[in-house]
Amino acid sequence: MATIARRPAPQPRAHPARPSGARNRSRGARLLGALCGSRGIFWQGVAAAVALGASAVVSLLVVPADAAQGDVQRLMYVHVPAAWTAYLSFAVVAFASAAYLRTGRVHWDRLAVAAAEAGVLFTGLTIALGSLWGRPIWGAWWTWDPRLTTTLVLLLVYAGYLAVRGLPDNPDRGARWSAVVGLVGFLDVPVVHLSVVWWRGLHQPATVLRPGTPTMAGSMLAALLLAVLAFTLLWAYLVAARMRTERAAQRTRRELLSAPVRRGVQPVAPVADLVATAPTPQGAGSHG
Amino acid sequence: MTGEALALAAKDLRLELRGRHAVSTVLPFAVTLLVALGLALGPDRPLLRQVAPGLLWITVLFAAVLATRRSYELEGEDGALEGLLLSPADPAAIFLGKAAALSVQLLALEVVLVTVMALLFGLPLAAAPVALALVCLLATVGLAAIGSLFGVVAQAARTREGVLPLLVLPAAIPLLVDAVRATSLALEGRDVTGWLGLLLSFDVVALAAGTLLYGYLVED
Amino acid sequence: MGGAGGFRHVVRRRTHPTCRIDAHAACLDGVTRVFGQQPALVRVRLVVRPGEVVLLRGTNGSGKSTLLRVLATAVTPTHGRGCVFGHDLVTDRRDVRRLTELVGHQTRLYGDLSAAENLRFVARMHHADPALVPAVLEQVGLLEVADERTRGFSQGMRQRLAMARTLVRAPSLLLLDEPYAGLDDQAGSLVHALVAATIRRGGAAVLASHDDLVGFAADRTVTLAAGETVVVPQPSLLSAAPGGLT
Amino acid sequence: MGDWSYVAPGYALTAVAFAAAVLRLHRRTRADRAAAARLAALRRSRRTPPVPPP
């Protein structure tokens, strides 16, 4: 019987407009992909470490102390970049939350979570350093300075963002709730700042804490910009690494739903320890 | 859309008149808190008059949290909230209806609280009654908007206890600051237009956020 | 596209082409739904044609209620797609909600409102005619308690009121979750009248029930086990021989 | 008035905070990698045809 000539399986015709394979992704996407790959993150970490080291050396030793405040003013080189990074991550949380609500893409939510967690770190640091610096200058650990108070409100909003994530049993819903809290918190910040400025009734010019006034000595400004760059690099590293862990956690969670695994595992506990306690697979395959 | 919001607000208020929860629990709580705060600060009348606005708005804030929780509990009792969400009504209409009903309840509460404070702390209400009324109105609308927005989160969350204050209080901080300052200025008869503008901007932000984002909170 | 208010946020899922045609009253295409870690529904495929009554059978926790709640858009499917009368379950929620009514053990009533007030509120929220309320109450036999608060009603009376709500709304897709629990025979016949009315209107009905339908022919029976549809060979006329997986 | 007793704790606090954050992330990455490995093993074992029950 004539063997039926096997028609060669139709090759998956690459869509003419979009050649398949890595080449079709735009240059930006490829660069982002490289940055977020585990190797990329490692080099980000190294760059951040180098920049932080250099900035510490410069701001502690090289730069002259401030005429009025003396060495205490060196705290500016950590307090101001921390404040800048805190507000940066808050803006990223708000933007990513809005994008997640708008498009429903999961990577926006991961970016929002990563930025929120980094935000909590830097906001807490800003407040601690701010009061540490305020102590010798204003003689009090806490003054209702508009910026410090707004940063404190920022910290409360971050706490709300992270607390709301775990509330519903449906992780998608938790992500949506936290996105809404992140957005509402972001809309709050300008009103908070304005209220506190009026509330104190003080309209004195920017206090010495406010940087960037060109009157600062050239070298100090350079040291400050280096510190800001270093903090931003570290922030980028923390966010990128946190996004990878979030992606891995979500992948594991979805993995647990795939049929072969599901039968072997009775998922009740959270993913991390759940996998650790997963019983050794029964059936012939178990080689444990 | 407005028809549904009005129907919902009317239903909420009728439920309130029937259940009289605000009158029977929230009001006594508020007055007790006020008196306790007053006692804690001592009999010194000028001091009391100076902190009176702060006491008023702290009490209203906590009363708002209680009233919001009660309003959503009534919905959740028999799954009525899900009935609302499964109706073709736009989530924004549900939000506005709840916020309107809550505002009316809180305003009624404030009228009583302000008169009680006027008696206890000897506040010169006659100084600028219109300004005072405007401040109370704008502050209450903002508070009701935040309460209604986050109330559904507290109702649907697994651990219900501490969620509502955790979400409402940080968001209400600017409102608290503005209302206290505006009230004290109003009592002294000074100009409050700047603060009213700030309160108004807060209300616009809160209502806009509520209208746009309520849909995301309620969908499962 | 009347996306439900703020819920335009949705994973950009195109509904399966075959699903879009209006021939289907409801269709689920590989719907999975996970609660926390427990998958309640796993890749369920279901097609309900207009005029059809589908009976869902299965043990407790087999996913019957979740399936009804997914069809009623009370719950979003984690994976997979579905549509009701051509409206996608995830993007065209308001249209789906205009057409479907889910009656479960929760009767969604306000305790402090009277029966009539509850129904008038439902009529206004669903753009139905409030004048229908007295007639409907009479039909479910609650006319004499129309002005009493529902807080004092028994479970059976509350479920009759829930059915009255369905009559007021006149939905196209009727989703009944254990409609017979706690009902006497007379109320049971009300359920049949309700389903028959929906079918006459060209709608469809999906019932989840343990006990056998007395004097009632479901066109098709779907059995669920652990969230997955199980093909069980049995005659479709249930009243003939109660079988299937129990 | 240049007083290092405030600057030193400030920088120390910053260094400790950063180190803690990086360490936490590193530990999580390692835990995720272990989880992924376990799952892969579980999936591989599942794929081998199970021996028919006796």
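So that you can tell them apart, the chains are marked A, B, C and D in the order they are listed, and the count of residues begins at 1 in each.
Here, contacts are C-beta pairs under 8 Å (C-beta built on N, C-alpha and C of every residue); 3 or more make two chains touch, one makes a residue touch a chain.
Since this is a predicted model, take the numbers as computed values, not measurements.
A.B. asks: Ranked by contacting C-beta pairs, which pair of chains comes out on top?
C.D. replies: Ranked by C-beta contact count, first place goes to A-D.
A.B. asks: So, what's the distance in Å between the C-alpha centres of subunit B and subunit A?
C.D. replies: 34
A.B. asks: Suppose each chain is reduced to the average of its Cα coordinates; what separation in Å results between subunit B and subunit C?
C.D. replies: 37
A.B. asks: Report the inter-centroid distance (CA atoms only) between subunit A and subunit D in whole Å.
C.D. replies: 16
A.B. asks: Just the number, please: Cα centre separation of subunit B and subunit D in whole Å.
C.D. replies: The separation of the two C-alpha centroids amounts to 44 Å.
A.B. asks: Give me the residue numbers in subunit A that touch at least two other chains, ranges are fine.
C.D. replies: 101, 169-170, 176, 256, 271
A.B. asks: So which stretches of subunit B touch two or more other chains?
C.D. replies: Subunit B, residues with two or more chain partners: 213, 216, 219-220.
A.B. asks: For subunit D, give me the residues that contact two or more of the other chains.
C.D. replies: Residues: none.
A.B. asks: According to the definition already given, which pairs of chains are in contact?
C.D. replies: Every pair of chains meeting the touch criterion: A-B, A-C, A-D, B-C.
A.B. asks: So in the complex, which bits of subunit B are touching subunit A?
C.D. replies: 146, 149, 153, 156-159, 163, 166-167, 169-171, 173-174, 177-178, 181, 194-195, 198, 201-202, 205-206, 209, 213, 216-217, 219-220
A.B. asks: Looking at the complex, which residues from subunit C come into contact with subunit A?
C.D. replies: Within the complex, subunit C touches subunit A at residues 6, 8-12, 32, 34-39, 42, 76, 78.
A.B. asks: Quick one: which bits of subunit D touch subunit A in the complex? Just the residue numbers, please.
C.D. replies: It comes out as residues 1-4, 6-7, 9-11, 13-14, 17-18, 21-22, 25, 28-29, 31-36, 38-39, 42-51.
A.B. asks: Which part of subunit B faces subunit C closely enough to touch in the complex?
C.D. replies: Where subunit B meets subunit C, its residues are 3-4, 7-8, 11, 14-15, 18-19, 74, 77-80, 82-92, 212-216, 219-220.
A.B. asks: Hey, which residues of subunit A end up touching subunit C in the complex?
C.D. replies: Listed in rising order, the residues are 100-105, 169-170, 172, 176, 253, 256-257, 259, 262, 267-269, 271, 274.
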